[in-house]
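After this come two complexes, each holding subunit A, first together with subunit B and then together with subunit C.
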Partner chain A sequence: MITRLKSCLGLLLLMLLWEIAPRVGLVRMDILPPLSRIFIAWLGLASSGELWTHGVISLFRAFSGAAIAIVVGTVLGVAMAASAPVRIFFRPLMEALYPIPKSALIPITALWLGLGNASQITLIALGCILPVAVGAYNGARGCERVLIWSGRALGAGKMRTLVDIVVPSALPELLSGIRTALALCLVLLVSSELIVSKNGLGYLIGFLGGSGIYDAMFAAVLTIAIFGLIVDRLFLRYIRWVLSWQ
Partner chain B sequence: MAVIGRTEDGVRSSPVASALVWLAGIAREYGSLVLVLICWELVARLSLVPPYLMPPFNEVLVRIWAEIGDGTLWVNLLDTLRRTLVGFGIAVVAGVAIGLLLARSSTAEWLVGPLVSIGFPLPKIVFLPIFILWFGVYDTSKVIMIVCDAIFPVITATVAGAQGVERQIIWSARNLGAGERDLLWTIILPAAAPQILSGIEVSLPIALIVAVITEMMLGGTGIGAAMMESWRFAESTGVFAGLLELSIIGFLLIRSMNALRRRLLRWHAEAQADLV
Partner chain C sequence: MVAPMEHAGPGRVETGSEDAQIVVSGVSHVYRPKHGRQVLALDDINLTVRRNEFVALLGPSGCGKSTLLYLTGGFLPVEQGTICVLGETVRKPGPDRGIVFQHFALFPWKTVRANVMYGLERKGVPRREAEVRAAEILVQVGLKGFEDSYPSQLSGGMRQRAAIARTLVLDPATLLMDEPFGALDAQTRNLMQIELLALWRRSPKAVVFVTHDVHEAVYLAERVVVMSARPGRIKAIVETGIDRSDPEFVKSRAFVEKVDEIWHLIHEEDGKAAP
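For the complex of A and B:
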């Protein structure tokens, strides 16, 4: 308990400073509201239901976009490693698309699909496919030939070999690709909601900031930040659990 | 590169055959890319989708040519590049310094370590509205946002690299009379360089992504801002021109980063591996 507390000391000091500095007038109260005021504003947002309605919309977008990216990316990456024609077709495309800063797609999907869910889900899916596909491809390529031959010798068909041998041995790199994709997913979600959207948590932040309700804006910002942190930690734990055979 | 090459058997091949091999290599390397661009052009020309959603590729090129002609491309390009590289540069220098401090000092590790491990997975872009409130809508906010996002991969890579240096090397250096300062500059930094450079390679594309987002949100100049402006006026060629320009910038940045890595690590086993 004490060691845990000690390891959080830096964080606790920062939080204390955040509470005290505006109260004693070191920084202006409206520019950096003390933590307690932000917490009260958070309770207000939560009880008025605004946080939940916008939060559910954002969650839906993030989840659908990430799910599409993970499925398509995994299939694409494994197919590229398993079949030469697929590789010859997609590798140059992947190399050409990889350096595009993913945020440049924000106005493109807004142009195609407008301001609603479809546009944001497409953006997240398009942006997150590449890290997943690259992870799956590199992982599947590194699969030991001997394992595949043994599987073949024991009578596994092409599909069985892929699903039972190649995909599990690609898991470490695939999962770290997915972890990158999840981080990117939140960034794309929040920034596209801030820039081109009429709802969602990003829009809520922009709206609160624009109306000068800064303690509520800080509350919404911290909500997303902490949510991102929790998602990453849970996924890390999931990776350790899935890969515990290693 | 010699046009008339020798085949693996050492037999001189005819120029025609080697040209064919070369062409096949090119087709293998870039064929699908050209195919997709041709499909794009055809789909747009045959009006299979409205030109508003997908302007023909050549019109996008014409648009870029026009932007080069009236000088707007250079203005926007230089602004985007300047912000990206300034933010990236600060992130690299500060990130390596903080990383070394964390790896070498237990007090720093104890105080700052948890902050870094919390800060890394945080979606930092969400703090942009707060930075706007604090620093306004000009370059300060943009660059600070870029630094915040790009610094974490550098810090964690530096910590991992510096902690991975073999103890024996450090002990030998100590034995030969190296002070903490010599140790840092002549032992730890070079030994950790491959990992530090990997962290830096991760953070460069992040810097560009964030630079574009900040420009889109805050407006002003820069390619991101120009794309949003075209989007507002429903000029789809402008939007696609921006996408193409940013792809080329991203490609060039990543390429130069790779070249830099090879140059800096010429002495390292990693770079010499291809020679064998």
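For the complex of A and C:
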């Protein structure tokens, strides 16, 4: 309990400072509104329904993009580990794409697919496939051959062995790849909505900022930050639960 | 590559007879590491394992004894020669040939019970029946009460019991064992040897047991296949002819002499290999 309090202490002090600094004139109030004002603005956004309409759209995009990335990335990574031709084809491609900042794709997906859901979802999926595929690939490569052989000797065919044995033994690395992808997913979501979108939380932040309604803008930013934190914590718990056999 | 008849080695026994369970004929295997030179791991191996016979493959590391086991299991492709198990040419792994590895190779994300049930599930055994059979075999290997444990929670000996149960639950006609007790402490190893012999007597099957421990080979096997390294060849095949009805048979003169005899065979090899 005490250690819990201690770990929160820094955060509490920061919040206190945030509240006081603008009020005593340490920073300009229009640039950094006190926390209480931001909270009031948040209540306003929430009760007007704006937060939810934009939030649901963003959530849908993030979820769809991440889901596609997880499925495609896992299949791709495992296939690369299992099959030499697949590996020879995709590995150089992956290595070339890895260092590219995925946000650079924003104008391209917008050009191809317009300003709507399809463009954002594609962007998120494309950006998040890589960390998932790399995790799946490394994990699957690390699967011991005696485990695969055991599966085969117990009557599992080649495909069955991939699903039943290679994928579970790749889980530790696969899940940490997915965790990276989830964080990246929010980055791509917000930045693409900020730049090329007519709705979503990113758009809302841009719109409020552009209109000079800074306390509400801060409220929207904090909403996404806290959402990201919660997703990460929950996923971490999920990982611990799934890997409890370790 | 095919050796002339007079070099075929001492392994030529009643090839193709009805009594044969495993027939290895003219098998050579080249090991190709990603980096470094190719090694002739097995050179023209001929060996017949009789029906329900317990055979030990004995030799120094690098003699290809595990490779021969993996070829028989269908895990590595037989590139030269043929291996037949119960009249069928080996092309891929199958549940007719159970395998037990030195480091257990249990599925770490599955409980002991789920590990044992995996092969039954693949065979399409109904869940209820599979649970009953898994429970029975776990009692047999002394793991009652550990059904819901994960492998990481078990000792080495218990892990190997679980691995043996996972294989035996399918009642394979052939059991391949790759230094199965090599990672266990001496006491556990001895206990496992006793229990393996008891299991084999209760449910006869052909056992090919890879080991580098002479004592273990003579203790367990009806015949000991002594191999030499670089290239891997069969040096001699020794019938142990031990009467195991006496529980104290390890102290018998016949046992001690047999161990000695095989030690000499192996030491000859050392002398030759020394620079």
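As a convention for this text, the second predicted complex is superposed on the first by the 243 of 246 C-alpha atoms of A that agree within 3 Å, B and C clash if a C-alpha of one lies under 4 Å from a C-alpha of the other, contacts with A are read in each partner's own complex, and residues count from 1 in each chain.
By our rule, contacts are C-beta pairs under 8 Å (C-beta built on N, C-alpha and C of every residue); 3 or more make two chains touch, one makes a residue touch a chain.
Everything quoted here is computed from the prediction, not taken from an experiment.
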Of subunit C and subunit B, partner touching more subunit A residues: B
Touching partner for A:213 - first (subunit B), second (subunit C), both, neither: neither
Subunit B versus subunit C as contact partner of A:147, first or second or both or neither: second
First (subunit B), second (subunit C), both or neither touched by A:156: second
Touching partner for A:224 - first (subunit B), second (subunit C), both, neither: first
Which superposed partner A:68 touches (first subunit B, second subunit C, both, neither): neither
Touching partner for A:40 - first (subunit B), second (subunit C), both, neither: neither
Partner chain in contact with A:118 - subunit B first, subunit C second, else both or neither: neither
Which superposed partner A:59 touches (first subunit B, second subunit C, both, neither): neither
Contact residues common to both interfaces of subunit A (with subunit B and with subunit C): none
List of subunit B residues in touch with subunit A within their complex: 28-33, 36, 52-53, 110-115, 118, 121-130, 132-134, 205, 208-213, 216-217, 224, 227-228, 230-231, 234, 236, 239-240, 242-243, 246-247, 250-251, 253-254
Touching residues (chain side subunit A, partner subunit B) in the complex: 6-11, 13-14, 31, 88-93, 96-108, 110-112, 183, 186-187, 190-191, 194-196, 202, 205-206, 209, 214, 217-218, 221, 224-225, 228-229, 232-233
For the subunit C and subunit A complex, residues of the former touching the latter: 70, 73-75, 92-95, 97-99, 101, 103, 105-110, 118-119, 122-123, 150, 152, 166-167, 170
Interface residues, subunit A side, partner subunit C - complex: 144-147, 149-156, 160, 164-165, 168-169, 171, 245-246
